[in-house]
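Note that the chains take the letters A, B, C and D in the order they are written out, and that residue 1 is the start of every chain.
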Amino acid sequence: MAIYIDEKTKVLVQGITGNQGAFHTKQMLAYGTRVVAGTSPGKGGQEVEGVPVFDTAEEAVEARGANASVIFVPAAFAKDTIFDAIDNGIKTVVAITEGIPVHDAMEIMAFARAHEAVVIGPNTFGVISPGKCKIGIMPNQIYAPGKVGVVARSGTLSYEIAASLTQAGLGQTTVVGMGGDRVVGLSFIDVLKRFQADPETEGVVLIGEIGGRAEEEAAEYIKGMTKPVVAYLAGKAAPPGKRMGHAGAIIERGRGTFDSKVKALEAGGAAVADLPWQVPELLKGRLASAKAGGGETAATRNGNGHGEAGKKKGKK
Amino acid sequence: MAIYIDEKTKVLVQGITGNQGAFHTKQMLAYGTRVVAGTSPGKGGQEVEGVPVFDTAEEAVEARGANASVIFVPAAFAKDTIFDAIDNGIKTVVAITEGIPVHDAMEIMAFARAHEAVVIGPNTFGVISPGKCKIGIMPNQIYAPGKVGVVARSGTLSYEIAASLTQAGLGQTTVVGMGGDRVVGLSFIDVLKRFQADPETEGVVLIGEIGGRAEEEAAEYIKGMTKPVVAYLAGKAAPPGKRMGHAGAIIERGRGTFDSKVKALEAGGAAVADLPWQVPELLKGRLASAKAGGGETAATRNGNGHGEAGKKKGKK
Amino acid sequence: MKLYEYLAKEILGKSGIPTPPGRVAMNPDEVAAVAAEIGAPVAIKAQILAGGRGKAGGIRFADHPEQARAVAKEMFGADLKGFKIDRLLVEKKLKIENELYVGVAVDGAAKLPLLIASAQGGMSIEEVPEKAIVKRPIDITWGLYPYTAREVVRRLGLTGTPAKKVAEVLVKLYRVFRAYDAELVEINPLIIAAGEGPGKEEVIAADARLNVDDYALFRHKELPVIDEGTALEKKVKAIGLAYVELDGDIAVMANGAGMAMATLDILSRYGGRPANFLDAGGGASVEPTAQAIDVLVATKPKAILINIFGGITRCDDVAKAILWVKQNRGIPVPLVVRLVGTNEAEGVRLLQEAGLNAYRSLDEAAAKVVAAAGGAK
Amino acid sequence: MKLYEYLAKEILGKSGIPTPPGRVAMNPDEVAAVAAEIGAPVAIKAQILAGGRGKAGGIRFADHPEQARAVAKEMFGADLKGFKIDRLLVEKKLKIENELYVGVAVDGAAKLPLLIASAQGGMSIEEVPEKAIVKRPIDITWGLYPYTAREVVRRLGLTGTPAKKVAEVLVKLYRVFRAYDAELVEINPLIIAAGEGPGKEEVIAADARLNVDDYALFRHKELPVIDEGTALEKKVKAIGLAYVELDGDIAVMANGAGMAMATLDILSRYGGRPANFLDAGGGASVEPTAQAIDVLVATKPKAILINIFGGITRCDDVAKAILWVKQNRGIPVPLVVRLVGTNEAEGVRLLQEAGLNAYRSLDEAAAKVVAAAGGAK
């Protein structure tokens, strides 16, 4: 199994006639994603990469049974487009678009909540269940099917780590990009809950960064998880008070520092890797001891993972 | 049992310091209603008829456990006041206020829907479960506890008929005023469903009027009811195209005529009285035959009630 | 409150919906001047607060300013559907490709705004077959978004530039509906004009109606006050009560619309003919009630029936109002009063002290007043 | 985008929130003129886009226009918290009874607007103890209604006229927050002035901050353009990318904020000191990427590291951008490129053809660039 999307997911590409929309439609099709329809107001009747284009999500859902949507429209039109998808019954929306006004994002999340839909992003690289379905802009070649769930705030950093997992023989159930904007649809906890409930996922990689309180909150949830969690955090060397590109990645008033996050995650029972390419080794250790230890929760374990890989220490 | 309100209902009077609010607080208390609190922004700390006044519904709910509210504030403030009640957990709001803008009413109903609250009114005389609780502005002396449910669009006309029921020995479980505005919280069907489900209610009186399609829609529902329904409709002599005071009471394009409503209701199995004071007699006949006939639905009966009382015909 | 076409168009125009070039004119010279200014041929349209104006001859055309003046002279002062023409809207005559209907109304049953559209515009929407009408309830919490407008225009069979422009009009029309507390805003016809060729089509509001919720006028001080109805109806409206003129000889006051209608029904049953009815409403105090009775007396009926079942209205207040009119103005015709409900005892006592009788039974009161007015007709 | 205090107050004032009489002035004469116009004593407030201005001496007072001119002469051109003072807001000095804090901000975790208020205004809200702060998330679907404002002012311990007026300010403040796509709007202090006695208290926004969401500026053409940051930061922002200046000697470009931060972390681990970082973002095409590299070269670093894991960004585009800069401007310092992901093969081929090497391993690339910049420090 996978979370959010799988081989049955029928994808609608909204904004399919734009450069990015068309390029990634091709990439998604090449990956094997069932891209069934696209929308582009005023361009209904055209085709992109063999995919039929409609004026409205309504037609795309009626004619092609789309049940997930990916958004490539410009930021100014994103709210209308996402509303279109959700109002027509689509329950999973992946918003790639960057630069969506934060008030629009708040309204989008309220609309999604009222309609019990999930919005992944905005400003996300997407979500991929390797071998089954890819919705997003991540490279096709770095993933492999397997047992590890990955959740990340940042795109390229997650590619780096996903590629190292794959290289180490650790395939993925699903890799989820939460998105880099201040207001996004998913929290770490939302995704961790899904991985915890997914029978195929055996371990989880959490890729966070400085700023905000999301990692600290996730740490609380991790305490009750029965599956091992390995984290990597970016921003150790970032100076306080500077916004580091992502909306949230700024250290303010002692909150959201690298150290506070590492401390919280380790207290929650997660292992924290020093370098991206140490994640696979750390996770292998954790998976092995989880198998040995049965269904104990992270909080009952006393392993402190920070530096484990670097120091080449075994599991206590 | 009663519907919407009963002896456990703890009433908050919003706009308690105004003339109408204070007068009807006194009347409700005299009836035995548990009026536990009032609100009037800026007047918190005062008392009206011994009832403590608060600035906010929040305090009234916290301090006094109010679980229903009645609205006497001027129309311009009604939306804010009703939102206040509902947002603080009150699930039954009786809006007496006349003249609420229809856009405000639409927003009130959307807010109530989102919060699973019931709004009775606006522009209603209220709701009364005789002997248990009265929330509204109806005279205290005309009701009696009993087995008949009454639902009406219009206030004074319902008083007329309730008084005649009481006089005839037919007490009431609950009398509900839907309100005379174009947008109100309850439909006939909403209330009929409650009466149908209420074990103590044995028969129902529906007091309608020309205009709109509410009576025709109710007639469809009545077909499936196991309890007898007697209707009285106002507006037989009203000329088409003139708005008769109530927002809805206008006959337009052949819709909502007296004859179409009578026809629909009779087809649904309801008896329709010619004059208000014929209602009790008609209902007694229906109740007697319902008792004899058991749980059959109105649609399976073939009684056509129109003029029954006038013509002194017995039940077929 | 209904707005004149030209005012409705001003509002639509400000909201970004294209309207024809033109202006209202109050006399024939002004009509000619506007025609000269915007360039003939022009349409000259009577500004009255009623529909079906076109069929009744309320829209005429002129090919040059002088002809416009002549046409205007014929129109000013003429009677149209019961209204005297006192203002004309002079507009550029349009080349029509296609006529649509678009409107937003309050749907009482759904408790939501209802977007209504049809490809068969130009006639009253009531005459359009149901299957040619697209209806779409709008979630008032969220409003009307472009995607919904696109769904609607698709159902209308529009494509290309007209589809895009009509969808934009729908979004703006809904904004007007909300911003102006409208009960109804409609554009009929919304015309599609050829423009400068394919892809350059223009969409223009050729006629418009905007009815604002009377209850919401307190927050629309920007709007002019437009009074509808007869002089008496206006007078009673100013008191804050509802009044309807009928064609009989018994003046009727009751409290509550349902009760007022039932009172008419019962009078009819006894062969009486109501002259009017006045809904004293809920909780009117002494002074407006007295003013209302005064209005009834002024209609010179053969008899007056006052039927009050007191709830929020108090019987003693009604009695006081009756006595005030009786003492200060006099009531020259038979007055039958039926008084029950809140503060009934006090009200009856006050009337009795002044030598007036009050009935408890409406049946009896109705029979009595019909007899007083000369019996069944 | 941060607005100057005087612009924020203009907007609050237009929205019905009382602000002190006053105006911005661009030179000492103008300061004296405003002081004469509104009447001394006045407050003279440096307009800079940073907080903590009061403590740093950015607010001074004058008892008459000439003193105001003298004070202004001292202030203009002075450096305050890294900003050069080029405009002063001259306002009537207020008699303060009480200072509150009120603000509305975006709460990322709750995905909702957050109303924040405290009876302890006048200092930075970060310094106010948590228990003295009232926080109330607002359902963006419905907005902030007066009843919510009343609940908040009750928690602040206000009663009477101040309670009523502060509640009104909260409702208006939320409207500004929404209407201007604010990330943050705050009034600190919101002062309560005695006015003409009990019940006549006045509530006035003594200082104001309004930060508008950069992403929403496209729909706020009514706002002036205010550029923050250093010249280089502005230049990169104009290209549409994110740039942060640091104090080392290795210029860094990476794509994606997380990757950029991780790159700095890894450089640090090898003892390297980043001079800056530039987030090439997602999907930047050849031209902006070339401009970005050009910016890095202009910072005169000892070495440059470009770290790209291509997703929406295509490796071949990055390679083309590098080659364009190399050919047209020249790259005078060691350049280390790490290139993997979308269109990697094509990108690597292009670089190789031009005699440049691309690494697959970030570890290796980081070690290489630190060495090129002179080794660990």
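Criterion: contacts are C-beta pairs under 8 Å (C-beta built on N, C-alpha and C of every residue); 3 or more make two chains touch, one makes a residue touch a chain.
Not measured: the values here are computed from a predicted model.
Note on interfaces B-D and A-D: more C-beta pairs are in contact across A-D. Each chain gets a centre from the mean of its Cα atoms; the one farthest from the centre of subunit B is D. Taking each chain's centre as the mean of its C-alpha atoms, subunit A lies 52 Å from subunit B. Here the CA centre of subunit B is 56 Å from the CA centre of subunit D. The mean-CA centres of subunit A and subunit D are about 28 angstrom from one another, to the nearest whole unit. The residues of subunit D that reach two or more other chains are 141-142, listed in rising order. For subunit B, the set of residues that touch two or more other chains comprises 114. Residues of subunit B that touch subunit C in their complex: 20, 24, 27, 75-76, 96, 98-107, 109-110, 114, 123, 125, 137-139, 142, 152-160, 163, 180, 182-183, 185, 187, 207, 209-210, 212-214, 217, 232, 234-239, 242-249, 253, 274-277.
Residue ranges on subunit D touching subunit A, taken from their complex, read 106, 108-109, 111-113, 126, 139-141, 178, 181, 183, 213, 215-216, 218-219, 242, 244, 246, 254-262, 264-269, 274, 277, 279, 281-283, 308-313, 340-342, 362-363. Residue ranges on subunit D touching subunit B, taken from their complex, read 141-142, 145-148, 150-151, 154, 160, 163-164.
Residues 41-42, 55-59, 79-81, 83-84, 87, 111, 114 of subunit B touch subunit D in their complex.
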